[in-house]
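This is the structure I have questions about; it appears just below.
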């Protein structure tokens, strides 16, 4: 297939039967559930753009493995240009979705894991890399949606995996035999697990020898036996349930918790099993790549935040007001810095032995630090520009009521030429952009916490070298 | 009565029958509606504390009008000490409600209106002030809940009231006769209108002669004929409807839109009618008082934000971590500045001819500017400390499901000694504190937009005097 | 005398002969030295205002000890009103000096030390408090200028006083006999030591039993034998040396290092000697008081920063420009918050057993945290408003040159009605306000480092109580 | 010559005799003047690195005009790679100079002017472009130091050039004949004019028809008749005059005011004369390029700021302290964002008809906005980390004094293994980095004021397109 169509994507979902619970209920036709279908829409859009003349330029790449045209979401990063193209693709998509389209974690995971499997094979004589290359080819050939399973539930965060009272607080191998392994544990915040075909598990942290059983990477179909998806409740899902007041009329996001209840994984799908020394780099690779991804997608969302704020100003009768322009410029400053640092992290990428390029960690984490702190301020400025109506406009249901509907239409009118309906729509969009918990928390904690980003910047910034520069200028002779 | 009991408050509501619409439906027993009752709880708490030995110190004052003990929510501000006591009361209450308890707008409105009525009588020989004093006495005597009606819908914001295409975009007098006046218009964001007994309308801006019909102030019972309350939808109300995942288990906030469909107001309840030159100062008084109120209440909420963040850190197994302590200190810095500037604005209050004290406008608006910008950062830091679980924990309904409930309880466990249930509770509270749109938008736009606050600071700061100080030090001789 | 006149102050200096070094040279008539005399001017101004009808209201208080009128700089803080009056006085002075007038450290020290001497006497039966009261009476009676000696040089900051390789890195008692003690060490950043009559030494940190010899407080004349003042070089002193391009034409600041070369102190001037458990509280009292002092004085300086920026805008031909007004409002926001929190810290002061009131530590440290971080941004905004001319205007000497002087006068002209001379003056003032190292570093490190302020806020904020508030609202039952 | 040696550079200066005034005095051997020679050192370093094996990679490029190896400072930007290489070169140099090396304004000017000369020739049939190419070849061939003359003195900033009362407030053509033109006016803040061989004048703003006489660009030798350089006084020059307490022991910066007293320019050196419509784009090109330059150089300086702060922490006995590491990470965040956005602005450069590439204006101005606001905070954090000693350490002259020198050496000692001399050196460097007015003001106003940067971001960001994205997601149908 190579490039899947929207229709083929929907069709493929019909054949998948993941075990899923939503708000306390086991759900059979999960892909049609009102809380899931808007997310499926987002993913479907990636397939639509793979066949769109403009979109194609962003979405489609030539596979290094097969020479075929494949989805860029499934390609290893084998050059700085690949990394720049990724950032451009994610910005393009995010501008058109206004949020998440759920194919980045898988994309980032394949390069993250790939680098270390190559290293592991070199050192330990394992055969993970060729096995993994076959897996990636399979993904490319079928244009599968792949999500990564990184974040464990972690229990008591002051303890390592092997120190936890309950040994299952990090996903682990509970048994193995000639055919494969059995794994148990839980991965949380699994963006789009229910829109995907496959998952790729990545260890969530560095491991030591005592944590060997937790050093495991593997792939699995999302409807494998023993895999349970539990929908995590966000702030605004009642809107989707009631089918009104949606804000973003087509698209939404969720991130289930995925439980592994003694899931069997055949050896051909296992890519790490006990070689604990690669876990730290795997997840650091993933973190750096995923912060780099945010640079593209959150800038795209930022364009929507800015556009929504500017539209609200127009719809309040306040176009081109000095203090509003000033705020728009500040909003741009932040979103462009997030974006710019990701582009720069691509340019300054370095080649690994596998041939895959690693992004510059200082620049990609710098981008994420601005997202983590300043994007909240961008959102605040959007609300500041839009005004108090963001808080509490009456519902579409009130507008539909024959007694008060006409009154609301009268009283919530803005300037001439703008319909009350459109004015309400833009406030609902702003509400969605400002108060959808999954998106907002992702700005801060997606791809690791800000503290992790700070530490990554610090560790990779070569402070010793900078001390030398300062000492030289001060006239201090360095001790030998 | 003087000081109403909780029981009396609930009883009094039974006798009120306001016209109310919620999510498209006309509601009869509105005070028992799941979306309203948590707010009623908040208001009821004020009565509980009026009779509580500790609370009484904050809540009860001696009336300057009658010499009786009355609710501080119904007392004119007749000294700097009154203003300090107000800030202390609001902080005390907000620490215990974690949000709004809806009696401040009325409290701020009576002093705002009072000052100008006195001035008006002096200049125009009107008799508003004595009439108004009787109204306030009546409120005090019955310990009524009073809300203020300030914010008009405003239509095209680049136009004045009398310039709007639809003349009803600001509340106005449509007719008058010997008995009274008839008013039409809509006031939006009316915090707690459905928990109150009475409303007091205040003009929303300065007016010019052409806007004379819009220069009107009056009081009215919330169930007066022609008054329609329309619930404005916030982000999290489905939780209250489903009675689970509440976060703040007892209390909540809302702010209906109140429509005046040709409402008759007898002259005895009319306090301004055409004397347009007092509108500007009335609403500026209100703004300054209400920004001063926020100084107390938002610091109290801030204490809850800080406490919630610190508890989440404990429940993640991360007590006393250096970078978390650093963030807690930053959170304190902001909330204490908001509070401190309100206390200072009380100390530097000035007496008006009516005997009522006006707060220092520079300091009260400075407090609000920090709230408007920095409180968002406090909330962001709370999320940063708490971690990604704020985004999407499964519902109470999932925990109640026999198949997955036990698994969730196992996997969402934190450190020893903390139950999973409590851990989930603190994340739900944080979700409520971070994503309840009415509260968050109130931080920014409550008591006017930040741009208004900035302009108020600038206009009252005597820049010319500061220029003189600088010139003197620079050795510049001032032109005479 | 009670209230010293300016003339008396200058006269008194003639009689003092401190040992002083400035830029490598021993200086005899130090008070007339070009680097010292501008500072003497600042101090002299305090005496001028003690006799000025307007200034008197701020500067003069009634002594609790003698009932006489005394300088407020020498009065214990025996009420919240005293603390408010202090903040008002410091703001008043700073607006007129544009910087430091050097009498606050002594003022803050007497209350800091006093509180703990009283406590010490109660517990240990020592007689420090009455001896100290006599000292303060003597200061009041003669209206002496008193500086405090707090900051030791500290050596290796990871080590305690008694652990340092060189035992003199903190000031210590090297011997004692029946007549008195001999002390050795060095105090750095001693604001105005060369303008003062007396010094009062305060321990710089908490001490433990092993550090007993370092637990010492005493008073001494600034020209006592063995006391050496070494001028610390700042950024702009060449201007004073050359007597041109001064910026602030009358006033300046410096803070010598004071060396104690085995200085003998008679017992009657010794107020602590070995009672190590009071050192921590003494210096914490001092820190909290002095941060509170900054709230007044730095807001006064802030008024000058704002006035200078606004004047520069006028002199560039840009009065009343929207983005400049916006910046002025932001500058005001910061300076008023610094001020407001100090006023609030006064209101919420608490009485100690000695009768002296301690400021609220959370609020006074919050004020200092804003100064430490945000005042730099206020200064940056002043430069942003003023423009690039702050960097590098030609010297007064260039203007005096007959060949280029007229050309400079022509080309550096701003709008009509403003002389080039005045325009240059305002830029020179801005240069002084932005680049005088002693002032700028004092904003950050005066009264302790920001990290100390953060820790003080955190320790005094009762986080446990805030956790309880959050848990209650979340429905968490507290463990008993 | 192609690549000049250091020796050749010094030799070439001997032959130049610019008219120069420094602090009121006409100076003959200006290049040996203590205030100039440290800056000459900085420029000389660029020649040193052109011949250094490592430096060469950054400094030397192949000329598009001649195919020869030339200094990158004299090359047109003819690809995104050229722009990236520029940023890398500037960062490399700034790390080694700790400030300005004065060859960027010329470099940025040649591409800025070049683009528009090509456009002008196409439209007006003028022959500027080939003449200008010859000039650039000449510069390359001799590896000349070229500065740009952009910033006029501007007079009353609310008026256009032709509206000023004194017509000379912007540089203008006062007469022309067959041989050339005569120009009059003054350019201020002319970084390094006295270290250069040539200057290239660029109009400072857009011009209209009435301003035609001000629409002029030309090149001139810095010692041309009628050109007067007046040294602008900065904060720290007395140190260089006294040859002690330098901080940065080798290098410094200055930016004279350059007066054009009816200077004759032959036609062969005139590149624009009356074609006013190109002025706006010329200076906007220059602004965008020069903000992009700052991205490299200020990040390099940032590395020195970070290194100096980290060294000071070590020298205080506080290596590896949590809150200091946190601050270092924040400092890195800012400097890397400044750098990253400049790299990204290079990647997204666009080709102009001349073949020269223009940087992306949104990204280059975003970089500058972070520099303009956040670099001040980086410097503040450096001071916060270093401690109060930045304010006022005694002078080298005090250390040289036999009486107090040994005492100072004793008392200003830090931890074991660090000499007091080195400790003092690092504080002096920090003082220089924090308080050198030319550098600090350049962070804010270099390459235009922050307000200009904001407006440039806003105008180039296509807000209309972003509104469309938002409307589409909100379900708003666009009016046709």
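Letters A, B, C and D mark the chains as written, and numbering starts fresh at 1 in each.
Simple rule for what comes next: contacts are C-beta pairs under 8 Å (C-beta built on N, C-alpha and C of every residue); 3 or more make two chains touch, one makes a residue touch a chain.
What you see is a predicted model; the values in this text were computed from it and never measured.
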| item | value |
| --- | --- |
| Chains touching both chain B and chain C | A, D |
| C-D compared against A-C, more contacting pairs | C-D |
| Chain A-chain D separation of Cα centroids, rounded to whole Å | 40 |
| For chain C paired with chain D, centre-to-centre distance based on mean C-alpha positions, whole Å | 38 |
| Distance between chain centroids, defined by C-alpha means - chain A, chain C (Å) | 52 |
| Per-residue multi-chain contacts in chain D, two or more chains | 323, 326 |
| Complex contact set, residues of chain D against chain A | 84, 95-98, 247-251, 303-304, 306-308, 310-311, 314, 325-326, 328-330, 332-333, 336-337, 339-345, 347-348, 362-363, 366-367, 369-370, 422, 425-426, 428-429, 454-455, 457-458, 461, 463, 465-476 |
| Of all residues in chain B, those that touch chain D in their complex | 322-323, 326 |
| Chain A - residues contacting chain B, complex | 21, 23-26, 151, 153, 155-159, 165-166, 168-169, 186, 188-189, 228, 230-238, 241, 245, 254-255, 257, 259, 261, 316-318, 323, 372-373, 376-377, 380, 383-384, 387-398, 400-401, 403-404, 407-408, 410-416, 431, 434-435, 437-438, 440-442, 444-446, 449-451 |
